[in-house]
Amino acid sequence: DSLPEEDKLRMATMIDQLQIRDSLRMYNSLVERCFTDCVDTFKHKSLQKQEETCVRRCAEKFLKHSMRVGMRFAELNQGAATQD
Amino acid sequence: MAAAPNNAPTAVDKEQIFGMAEKEMEYRVELFNKLTHTCFNKCVEKKYKEAELNMGENSCIDRCVSKYWHVTNLVGQLLGAGRPPM
Amino acid sequence: MAAAPNNAPTAVDKEQIFGMAEKEMEYRVELFNKLTHTCFNKCVEKKYKEAELNMGENSCIDRCVSKYWHVTNLVGQLLGAGRPPM
Amino acid sequence: DSLPEEDKLRMATMIDQLQIRDSLRMYNSLVERCFTDCVDTFKHKSLQKQEETCVRRCAEKFLKHSMRVGMRFAELNQGAATQD
Amino acid sequence: DSLPEEDKLRMATMIDQLQIRDSLRMYNSLVERCFTDCVDTFKHKSLQKQEETCVRRCAEKFLKHSMRVGMRFAELNQGAATQD
Amino acid sequence: MAAAPNNAPTAVDKEQIFGMAEKEMEYRVELFNKLTHTCFNKCVEKKYKEAELNMGENSCIDRCVSKYWHVTNLVGQLLGAGRPPM
């Protein structure tokens, strides 16, 4: 609160950068997970139809899961904060 | 740690403050990521027959997050951390 | 984001530019590492009877890289990323 | 040794920060490991008695293991240093 | 291109440092992988002959694999760039 | 790398020195963490019937650390690293 303007700006920049890094890591690990779970044959160079369907569902399911975890996690954090 | 002779924080003090804030945020992000991946592994069917989470998966996820939270607190106590771990 | 009053970038602007470039490079390195480990797990025989990759392993690796690339693009589209993901 | 005071301080700060990061990561991975090994049923929201016992033992065992590895590791590093 | 000299130098330093970090991580993960795949008995303190052979082949194979992936990856990146 | 015209290190030289020291420490921490997790997986019983390490586990851990050290050195030689890897 009592930080000078310059420091507030620096803090905001740091948060932005951590969020960018976090999104890029999430993207990378989502690709790795869905590839590992969905692609198992290597007779072709291109993604087969049922592999593509599997990847789409996997990504969608993971994102929904991640949002649900985020909501529950926020509730628990809030509960912990009000118990203080 | 090292107190500056006057009240204005030195450049090194500032590095420490920003560094601590950064580590704290990194910790929370990592906690969230590990929790997310662990509960996905424990609760979600991996054949991906549909893109929706079904009721069983949803309730498993809620309980998994709750239990993970308890384990985080329990391990935090064992490690003797004075501050709330989440 | 915050536009400087004149054209010269401020110290904070520079931090952002260098920070972005650093994150971008970290992302590419991590992508390459995950791709390498995943395709090694999918394609390479782990008893290590010889130090060479045989023909079957080599063609599996080529197809694995190609498919991983497709999955990266596909997931990138689903996430709505405007820029090329690799 | 010949570093100016300011640089020594900066080096010490860097080491402190890496240690903080390392402890927080260790904490996170200890939680993940003991949760994965000890919690497998999701019929309740709260930790069951035998799960709690399992987590306590897991954490204690891992910390003892980690200390032992640290000692052996230090011996090998020292041995390698004296062989120079 | 239009960066001042000082910034170019800083960018080059950053790239150097990321490459150093990347090589050290690759080294660590290569050791972990080959140890995990090749060493399974703990009746002796020192590496047995067949374990050593296994580690050598594992490391060599992984490096060859990694180079092949790098070539294919570069081709795909180039193809994507020319499609722009 | 780039030699300064006089003996005083420039700001960029300093960044390199501190950056190298930081990478070196990160490497050692990562080595220790991987070693710890790998040997825990290889040697420790995961049903956690007690909180103590038994004799068999302890001797397995000692040998595991020793063998991991040898593998680190061996791979270091293969990679042609001029400096001691631990």
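Which chain is which? They are A, B, C, D, E and F, in the order written, and residues in each are numbered from 1.
Just so we're on the same page, a residue touches a chain if its C-beta (ideal position, glycine included) is under 8 Å from a C-beta of that chain, and two chains touch if they have at least 3 such contacts.
If you want to know which protein each chain is, UniProt gives these names: B, C, F = Mitochondrial import inner membrane translocase subunit.
These numbers come from a predicted model, not from an experiment.
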(request) Could you tell me which chains are in contact with chain E and with chain F alike? (result) none
(message) Using the touch definition from the top, how many steps at minimum link chain D to chain F?
(response) 1
(message) By residue number, over half of the contact pairs should agree; on that basis which option among D-F, A-C or A-B is the same interface as E-F?
(response) A-C
(request) Enter the angle, 0 to 180° in steps of 5, of the rotation superposing CA atoms of chain C on those of chain F. (result) 120
(message) Based only on mean CA positions, could you tell me how far chain B sits from chain D in angstrom?
(response) 16
(request) Could you grab the centroid distance between chain A and chain D? Build each centroid from C-alpha atoms only and quote it in angstrom. (result) 25
(request) Take the average of all CA coordinates in chain A, do the same for chain F, and state the distance between these two points in whole angstrom. (result) 29
(message) Counting only Cα atoms for the centres, state how far chain C is from chain E in Å.
(response) 14
(message) By the touch rule stated above, which residues of chain F touch at least two different other chains?
(response) 26, 43, 62, 66
(message) Among all residues of chain D, which ones touch two or more of the remaining chains?
(response) 10, 25, 29, 38, 56, 60
(request) Indicate which of the five shapes (line, ring, star, complete, other) describes how the chains touch one another. (result) ring
(request) Report the order of chains around the ring; begin at chain B and proceed in the direction of chain D. (result) B, D, F, E, C, A
(request) State the interface residues of chain E toward chain F in the complex, per the touch definition above. (result) 6, 9-10, 13, 16-17, 20-21, 24-25, 27-32, 34-36, 38-40, 42-47, 51-52, 55-56, 59-60
(request) Write out the stretch or stretches of chain F touching chain E in their complex. (result) 2, 12, 15-16, 19-20, 23-24, 26-27, 30-31, 34, 38, 41-43, 59-60, 62-64, 66-68, 70-72, 74-76, 78-79, 81, 85
(message) Please output the residues of chain A touching chain B within their complex, sorted ascending.
(response) 7, 10-11, 14-15, 18, 22, 25-26, 29, 33, 37-38, 54, 56-58, 60-62, 64-66, 68-70, 72-73, 76-77, 80, 84
(message) Residue numbers of chain C touching chain E in their complex, please.
(response) 14, 18, 21-22, 25-26, 29, 32-33, 35-37, 39-40, 43-44, 46, 48-53, 57-58, 61-62, 65-66, 69, 84, 86
